[in-house]
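Letters A, B and C name the chains as they come in the text, with residue numbers starting at 1 for each one.
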Amino acid sequence: MEKIKSYIETMGWPRIIIALFLLSMYVIAPFVGLNLGTSLSDTLIRFGMNAVLVLSLMPMIYSGTGLNFGLPLGVEAGLIGAVISVEMGLTGVLGFWGAIIMAVPFAFIFGWGYSQILNRVKGGEMMIATYVGFSSVAIMCIMWLILPFKSQDMIWAYGGSGLRTTISIENYWQGALNKIFPMADKIPFGEIIFFGFLAFLMWGFFKTKSGLAMKAVGANPKFALATGVNIDKVRTKSVIMSTMLAAIGIIVYQQSFGFIQLYLAPFYMAFPAIAAILIGGASVNKATVINVMVGTFLFQGILTMTPSVINNLVKTDMSETLRIIISNGMILYALTRKGGKKNGK
Amino acid sequence: MSELLLKIENLSKSFGENQVLKDINISINKGEIIGLVGENGAGKSTLMKTIFGMPVIRETGGYGGSIKFEGKEIDFKSPFDALEAGIGMVHQEFSLIPGFEATENIVLNRESTKNSFLEILFGERIKKLDSLEMEARAGIAVGHLGVKMDPKTIIKEMPVAHKQFTEIAREIERENTKLLVLDEPTAVLTESEAEILLQTMKRLANEGISIVFITHRLNEIMKISDKVVVLRDGILIKEVETKKTSAHEITEWMIGRSFSESEIIKKVTENKEILLKLDKLWVDMPGETVKKLDLKIYKGEILGIGGMAGQGKLGIANGIMGLYTTGGKLTFKGKNLELNKPKLPLENGVFLVSEDRKGVGLLLDGTIEDNIAYPAIQIKNEFVKRYMGGLIEWVDKKDVEKNALKYIKKLEIRCISSKQTAGELSGGNQQKVCMAKAFTMRPELLMVSEPTRGIDVGAKKLVLETLREYNEKYGTTIIITSSELEELRGISDRIAIITEGKVAGILPPEADIIKFGELMVGIGGTDGKN
Amino acid sequence: MENKGKKILINNIVPIVILIMIVMAIPISGLSRGYLVQEMVSRLSRNSFLVLSLIIPVVAGMGLNFGIVLGAMAGQLGLIFITDWRIAGMEGIGLAILISLPIAILLGILGGYILNKAKGREMITSIIMGFFINGVYQLVVLYGMGNIIPMTNKKIILSRGYGIRNAIDLKNIRQVLDKSIVLKVGQFTVPFLTILIVGALCLFIVWFRKTKLGQDMRAIGQDMEIAKSAGIAVERTRILSIVISTVLASIGQIIFLQNIGTMNTYNSHEQIGMFSIAAILIGGATATKASIPNALGGIILFHLMFVISPRAGKELVGSAQIGEFFRVFISYGVIALALVLHQWRREQENKSERKKIMDMQLSGGEK
């Protein structure tokens, strides 16, 4: 009995409720006319789409810089890389990697600038990150209009200037990761392996000297200071890492989705990712790869399952509303927990 | 005239197995000023917490004996009850709202209000403040103190002394304050300001308010108190009329104890080479400020640093390591060592085992072996395998484990394995992990602050012995800062006593214990130019 | 003298920078002074109540209350009901306020309770709280109304039979407050009653600060621990500040919507939090200090920018779209800038405080 109790405490009631909720969705599915296999496969596909974005939150959480509400900044860097890749006419795997290679330098610069701001506002990072994220989306909106792209697949037809809101990459690098694997439309092996690769790199990083220093800065800044660690430098590194991973994450997302979405699309992207990692068990200053995987799966599972099931059950489409309630409810729960030695606004 | 206000009978208090107060008996009459003195850990603050009804006392099993206030047994469930009954306390840290005027602080939560019909609908707090009356009340309170101060001044723009007076004004403004406890009120005042405060206290006492005056400045006690109460190790050593005793006698009572079993090994230091020189060092460590201190540390010696709590001894090592804003000059091995850069002393072979074991010394969620290896990894790149031309610095877990096992054996660290979380260990074993961390760095100068605080006797012995071993075998220079004088006397070659942020004097360990006491309370001693 | 000037500059850097930008942009935009003044008058009258509702939580140390969105939702629920019951004119406004009052109070208590559990993170928590309650609002309005909650007016229900339409025409109460007493000042029309109501709120805020409750909030806003040890009921008072703010926001949203005349059921309240906070920040407020001039001045500056940027963008770059995006960028950028400056300034203040104390200790403590 004691063991079960302590297990529940570590898991936390909300997580258990969500897991049970998702399980019940899978159970109900066949009874309302949904194919269980399709449902599972849908969930897996969405997992593949989003996992890297959720993974990108880890470095900043470890270094104590908080939940990265400024994720849109990294996404914008990824979008730049993506449109350059299409502009250059790159296709297939080359297109995919081309986008990443183009995006990384932008992500580095953006991340560096972002970190300079965050280092000056220790304790209030999350608020400011949110608005830096929003501002960056707005500025990039202007950029999409005035940057001199020429590709016919991207600019407005009928002689408009500026890029379209949604750009199809069906003919470029959609599905590039999964193509070489069987069951590409059922189980996204390519994306899962790619995620696994990045997760492995992340795990490896935290076994190096810098990774250890980063963990210390987040866990106990006084300890880190007393060990001669340069706290600002470590935080900067973590912010750059998170931004770069976010850039890569959106490119993975796009190659799965098949579209590049510009303008206001990245606006609210931080929130589902943050909700996912929190559902997976992370907190404001502690996150593991397991949190990322479990959280992404549960979150995307609910997002795919709930609308389908409830739609068929109640004959109503409540998906959007339920998604808002669940994802924000999770974040709210995490923010109101005690713990987290640093107070963040 | 001598009406009994507070009578404490057979008061005792234990925290777990540790008995902090034993059978205390004190009587305080109306209008009396009692000077309360004692070393660190003598029981002063616990005594005050008990009288004041602090929740921590109840939560840890309450107290034995009785406390009668105005003839009635007290049963305070919180400080508010004590305030209600007429006991006020002015702590060392100011409890003032910085953006408010003195007036607003003086009447905080007891403001005068004008009646309003809205009260019926929305409750008491909707009433408008009566600023004129509040100002009048504040004026009276300040007037009582005999101090010239404009109650309209905003706290953050006030000089420190005025803040102190505002605090006291707040306590006496309460209608029925009968007993006032002042905890080190003159600590932040200049001599002239302290003088004004002492006069104020005398005036209040003459009006019938009893005062308990906690301080280490014996000259002040001699000046204004009626009675002196000396605590030592939780026992009431003496309750005596001030006019019948002297500062010297009080010091004796405060410090005097029989010699413990620890032998004092005198080492012959022939090598008088200076390893570290502190010039006009100042350190902004809240609660342990160091003010323009001069000190020389010789190579190969064990220097003990002692002194009463809050007098600055803990600030020295922290300042050297750059953990708090520091100024002045630091010369290490003949070369100037830049201040406020924690990496530099670490890189140059200086290491500090902090007094804040859990806050600064350990990553509570980390493993024992990781904790031990940390600084060595970050500063000296030890336990690290470099790949790809230094791009990847992989931590060699095997090496880290080996190192940890070495110290687990040597220091007898009781744990399940080297991978156990540091937070799960007992205090003594946590301290051993911190020591292991220090030894792994093989520093030239090792500083340990409060090394045996809160650890069991066996661990204590081991820690001190290991320090001595490193000093004798490897010639490591050691600075040991401790509140326990006996500990310092048992291991140091010289002992410096820090009072009011400066070196009050340096004594050999076998010096008469009274002399140490005198330095601690600010009698005698030079400005420590040794 | 020079130092004082510098201090004023630094303290008000945000409004000054924005003012400069606006002054440069007005001639470019080609908008007439008259037009701008009239716009500002009507925008002031319809937005002030909402922005002013932000002040009290700041005083109580709760930071910028993005949770006024909750109050806006309460106000909208009131308007939905009176539209459903076809109640017009002043009675409509009055009834809407009456209905939304208990909802706003409840939401305020909930909001205050949640924020108490997130001490130190109030602002980001209130943003998420706004999103969350928005979801619940959707649940009620989009699925519950016409369903579990009986509605009579078919005109505002979606074609599927339940759920409120995306846009509701508030013709029953349109401009009821604004048009009731109108003042003509030169060429300008001033909605006098509305302005009076705003004025009343200003007086209320001034008066409130001088009550015991206001004083308690001021104390808590500066130092929660000291307030607590003085016996002030910190938790309750904090919740009260949010309740007051939420109630004021619900009334403010009703005033806002009666001016606009149409309610975007699912969107009107969303931007309100953002715009109101951007306005008060542009007016020079910070997360710990907000005053009536900040609110009113900020509204003028923010809305001038709002109106001018698209036009200026069009004239300058040939694209109103760019002007639009630029306006969005400035709105958010200003909030980020104000927050960063504020935090940075606080650190500087703390540092210089400590230095002052240290200096005094070093020199004065000589015996």
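Note that in this section a contact is a pair of C-beta atoms (placed from the backbone, for glycine too) under 8 Å apart; a residue touches a chain by one contact, two chains touch by 3 or more.
Note that the coordinates shown come from a computational prediction; the quantities given were computed from them, not determined experimentally.
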Measuring between mean CA coordinates, which chain is farthest from chain A? B
When A-B is set beside A-C, which has more C-beta pairs in contact? A-C
Cα centroid separation, chain A vs chain B, in Å, comes to 48
As a quick test, compute the distance in whole Å between the mean CA positions of chain A and chain C. 31
Quick one: in the complex, what on chain A touches chain C? 69, 117, 120-121, 123-124, 126-128, 130-132, 134-135, 138-139, 141-142, 145-146, 271, 316, 318, 320-322, 324-325, 328-329, 331-332, 335-336, 343-345
Can you name the residues of chain B that touch chain C in the complex? 79-80, 83, 95-100, 104, 108-109, 111, 113, 124-129, 131, 156, 159-160, 188, 190-191, 282, 284, 289, 291-292, 325, 500-501
Within the complex, chain A is touched by chain B residues 321, 323, 342-343, 346-347, 352, 354, 356, 359-366, 370, 374-375, 377-379, 381, 384, 392-395, 397
Which part of chain A faces chain B closely enough to touch in the complex? 207-210, 212-213, 216, 219-220, 222-223, 225-230
Once bound in the complex, which stretches of chain C touch chain B? 207, 210-213, 215-216, 218-219, 222-223, 226-227, 229-232, 353-354, 357-358, 360-362, 364-365, 367
